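Naming follows writing order (A, B, C and D), and every chain is counted from residue 1.
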Amino acid sequence: MSSFFGQHLRLSLFGQSHGEAIGVTMDGFPAGMVIDMARVKREMARRAPGQSDLTTPRREPDEPEVLSGVLDGRTTGQPICAVIRNTNTRSRDYGSGVDLLRPGHADYTGHVRYFGFEDWRGGGHFSGRLTAPIVFAGALCSQWLAEQGVDIVCHIQQLGSVRDRSFLDYPPDADTAHLRQMALPVLTPGLDAAMEAEVLRARAAQDSVGGIIECRVTGLPAGLGAPFFDSVESLLSHLMFSVPAVKGVAFGEGFGFAELSGSVANDAFRMESGRIVTETNHSGGVQGGITNGMPVIFRCVIRATPSIAQPQRTVSLQKGENAEVSIRGRHDPCILPRAVPVVEAMTAIGLMELWKERQACVK
Amino acid sequence: MSSFFGQHLRLSLFGQSHGEAIGVTMDGFPAGMVIDMARVKREMARRAPGQSDLTTPRREPDEPEVLSGVLDGRTTGQPICAVIRNTNTRSRDYGSGVDLLRPGHADYTGHVRYFGFEDWRGGGHFSGRLTAPIVFAGALCSQWLAEQGVDIVCHIQQLGSVRDRSFLDYPPDADTAHLRQMALPVLTPGLDAAMEAEVLRARAAQDSVGGIIECRVTGLPAGLGAPFFDSVESLLSHLMFSVPAVKGVAFGEGFGFAELSGSVANDAFRMESGRIVTETNHSGGVQGGITNGMPVIFRCVIRATPSIAQPQRTVSLQKGENAEVSIRGRHDPCILPRAVPVVEAMTAIGLMELWKERQACVK
Amino acid sequence: MSSFFGQHLRLSLFGQSHGEAIGVTMDGFPAGMVIDMARVKREMARRAPGQSDLTTPRREPDEPEVLSGVLDGRTTGQPICAVIRNTNTRSRDYGSGVDLLRPGHADYTGHVRYFGFEDWRGGGHFSGRLTAPIVFAGALCSQWLAEQGVDIVCHIQQLGSVRDRSFLDYPPDADTAHLRQMALPVLTPGLDAAMEAEVLRARAAQDSVGGIIECRVTGLPAGLGAPFFDSVESLLSHLMFSVPAVKGVAFGEGFGFAELSGSVANDAFRMESGRIVTETNHSGGVQGGITNGMPVIFRCVIRATPSIAQPQRTVSLQKGENAEVSIRGRHDPCILPRAVPVVEAMTAIGLMELWKERQACVK
Amino acid sequence: MSSFFGQHLRLSLFGQSHGEAIGVTMDGFPAGMVIDMARVKREMARRAPGQSDLTTPRREPDEPEVLSGVLDGRTTGQPICAVIRNTNTRSRDYGSGVDLLRPGHADYTGHVRYFGFEDWRGGGHFSGRLTAPIVFAGALCSQWLAEQGVDIVCHIQQLGSVRDRSFLDYPPDADTAHLRQMALPVLTPGLDAAMEAEVLRARAAQDSVGGIIECRVTGLPAGLGAPFFDSVESLLSHLMFSVPAVKGVAFGEGFGFAELSGSVANDAFRMESGRIVTETNHSGGVQGGITNGMPVIFRCVIRATPSIAQPQRTVSLQKGENAEVSIRGRHDPCILPRAVPVVEAMTAIGLMELWKERQACVK
């Protein structure tokens, strides 16, 4: 646990924002897959800073070096370790650091947790930068799942006050390939312009803005996930809540279920071309914690980036008195575009864990 | 995993609704605690059916028998196993069972998951009845936490269209003891009558109704929870999504964060009587995945009970054709009153796991 | 960990010698196996006391009650819990108990470990009686493995000064079915009489005697076990050292390897009927921690039962001074006959864990 | 599992002999320890090849680079990752590699295990080289334990036919510091010369030689280890059997217990300066799987290095026919001197895991 995740596909994450390197080890990955390195880098580029004028102008190459587990471009079945060097670490940007606690950050809680010995520089082990190796690991899982016919895609369902439609009423067979190309992926054509305006407005106000990412997975077999404690929802939410800034996770109709009566919320079954399907998909493809073969659909809410240039009330840890902090440096006014590939990566990691768990159960 | 949970406080859950017994083993529980059995039974009674006319008239004694781990009423530090016999199991109520798939239930997914060998009677291992041993285990954890000054309490924040206020703007020191006595615990005096009407309306319509449970934990020290994968939110959501019918979990402002700008969402720090506190608690007491000493506040949405008396479209598994099912028997038109102690129990289990994890880290 | 074992096939053990019951929960067992209950009871009878005049005259029915995970005699794929009631618990036999520490027992270490709150009656959670549910769980695994063609068998290779030959130079296809019928299973005809004399001699001297159990597994595929930490030897030794009284575990030539030069110790490869085999089996069927398809052969040394009637020097815990203890009651002068089915059960549990782990890895 | 170990102190090992790098991530290590890097390097130097003319003349710098978890020389409480680059990898030495299976190596079992996709070069993930990061991790644990007063030391108790005395009858307070300086550490003065002659004899004969390493741990508190599955013996043997070439592990009198009657084998208790001690230490400091405060003493047998220059019978994997292999290259005629620091490192890792487990249990 802690920096470890998984029982069948096991991850171990390490590194701090301003240390030597960050990285991940993944054990239990199947042998024999030819890694599509272009795909891996494409995914990592989507997460990297500096991709558009909506994100921080910081540029980090985020070049993963694979240290183990791969021979001649093919997975060996042994632990895959990849590291990413930290190169562009201008520590002075983080100013007074561990003295003036940045509101909304982990400065205070990390200080307590690690008894004052934490690497506080740039958020340390709490930094969103730790999601880079996550995207690396997720890209391998995503490729493996794609080879089994599974597709994972996200869009931004809400950004500040701008709301997109939902995958719940989006045709399952409509093309979604364009979403992966968009800086602000939306289902409703043109809505990204309104979202972009919202981001620029926040930046101009030295402020930041949050939103909701919706994820859809198609091509999954029925039967993944296990009661009592390893429901699909349990595993995926566990991973999603590990992503910095995620504060809520909901499946299918999510919090809308509060107002749906049972007769509406139940998804009726129907035979279709010899297969059992549901007429509606309010449950988001998961019933009793197990996939039912319908698209898995869930949402994560992402709070607005805590790093804002406005002065904020805080406490000086060293003086033990009230103070004010102004966070300088290059920050994202909206983290959602860069969080999209992270949510997809975590989804791939969680589903592959469940896939492997299922595989061990087959008689 | 699966029916196991935890690394430091380890749970193993077993049983099916209509098997011989259900139960739980808990390993890693501290030695030397005198179990307050009256408290345990009180918690279990809150979850048991037949408590009021809002729930199913089924009555089950739910008497836990402690098989191990306790000597002269005191925990020994060794595995505590408790079993609850299944007595009132009128299997015929479940009618055509594994043939006609009940919409919204795990009949279909369980059938796929277990290759047709599952115990389908009364929901089997998927039954909400499995939450009885969870409440037993949670009651022990809750007592232990209470001895450390931790208090866990829930209210129903929404039931159908009736909405209560939130713990987020409720005075932290206001008394909440009465909530544990109410059939429909609410913060707004009198609102339970409106909720009761909503439940009775649903029952009259042979329908069911869902809602939102909000939970608040006070008295926690700062420093519980660990990045990257064992954030407080990860652990608690993992457990909450194991509870049948939970479809969403959110901390602090939850999905409301989508519309909060960073300058509003950030909780400013302040010195108060020599302690670091936050002026607001939008984050729900968790920052960077770690408790900050403020009340931990989160919400779970509970979908309407899938068991409704109305005829529903479905599929006959045995004939492989479309069919109709009418679920007879004694069912809850609204499961929220009985889910409240389950949410509290899961919270206690998760927090104690985090407490023990922290304890192992202290130098 | 602690009372939990396994990642793919998960065990949770509970109970104390003189508590209400002892038992085990096994999660991850494949669905659909028709349990051969006669076989299970036969295995449990081999372990139970009172089987011959070589063991304690105590008689305990050791009747397992299956509480969950089985429907109509078939495994459901869900957690299997079995409990065994403690019936014949004459506590007074254990005399001064937690005061006078019994040498060689866990009275002292258990007292420290559990801060004085342990259930000390009859050895409590440390009692050899806890191996009864182990044999139950092992019998199910053993049946499943037998259905895949795997055979597990033990003999007593040494008892006091009497030594039997080894499986290492025993014809792999020679019949071993009779070993399961013998009170003192040996490969050399007639040697059991000499061993029996050794046991009776020990009993007459109010003493006890130890020995070595050798185990052989045939029918295993190559490829089970995984570096770095989950070698076959690691898993099996972990389980064997959980059995009370086991103080050493060795594979193939074991401690004899110290005197073998590399040119002798290496097992040369050879093609045989299109299969790769080794000419010798010094390594005991495990190379690089992974099965090579040859018989897996290992040995456990079992120390003499610590419960002896002779007076022994010890300490009074309550008075904090030197004292003498004489252990009354009905004890085994030699535990080896009853340990044989336990070693077989643990072997089955470990191999099934490795089998399931392997299954999750297949592409 | 697999390349992961531990619940409280968690290790993740990665790398292959001839890949880019090997390394280890350790999570759960206490915050605030100033790493004694000279000590770490000294331990790694003891394991590195080329230390004396008894080992392979290969020289590898084995310079660990710490990527994370350390700030200003102090542990942060976050995952510590260290990598060691593979520099001196003359692959051609390994000749026909995956074609001609080297007897006694993991070439064949690794091939089956990883479906032919394994990195076979130089033993790949199975290589003894993987013990270098183990020694790194162990050195940190060893330092932490030393700060708590724990001392871990090994000697070579047997090398081929040359036998040393045992720690069991060695004065606990006799100085052992010189053992860490000796190429062949022995308790009997001068015996290392006889052992050295044995090694040189083996090398001259193009052969290799094995032996037994005995380890002693002093300064441990009573109460470490936990029944049922996490006995001290279970944890330590699990780790020892992960070390390539270890084929047997035994505690205290070990296999000698077979011939000890209970009245001899039992360690009588006695009060000594207000503390409970045992008069003898046949059990090797572990009773009921838990430390009793006496020195923990155990032995590992190490088989002779399988890499020998003599021609050996084998199989050509590619041709599927019998063949002969001569292993060229620079190999150790006796691995014991280099295995000593590995056994010490594994011991430190296992004991620290048990220490942390215990810490989580304290009320």
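Everything below uses one rule, namely that contacts are C-beta pairs under 8 Å (C-beta built on N, C-alpha and C of every residue); 3 or more make two chains touch, one makes a residue touch a chain.
Nothing here was measured: the structure is a model prediction, and the numbers come from that model.
When each chain is reduced to the average of its Cα atoms, A sits farthest from chain C. Two chain pairs, A-C and B-C, are compared here, and B-C has more C-beta pairs in contact (counted per touch definition above). Averaged Cα coordinates give chain B a centre that lies 40 Å from the centre of chain C. For the pair chain A and chain C, the distance between C-alpha centroids works out to 46 Å. Shared contact sites, meaning residues of chain D that touch two or more other chains, fall at 1-4, 7, 13, 28, 31-32, 77-78, 113, 115, 125, 227, 357, 362-363. Within the complex formed with chain B, the chain D residues making contact are 7-8, 28, 30-32, 77-78, 227, 356-357, 359-363. Chain A meets chain B in the complex at residues 1-5, 7, 11, 13, 101, 103-106, 108-110, 112-113, 115, 125-126, 130, 158-161, 202, 205, 207-212, 222-223, 225-231, 233-235, 237-239, 241-242, 244, 246-255, 257-263, 265-271, 274, 276, 278-279, 283-284, 286-292, 299, 301-308, 310, 312-315, 317, 320-322, 357-358, 362-363.
Contact residues of chain A toward chain D in the complex are 1-4, 10, 12-16, 19-23, 25, 27-28, 31-32, 65-69, 71, 74-81, 83, 113-119, 121, 124-125.
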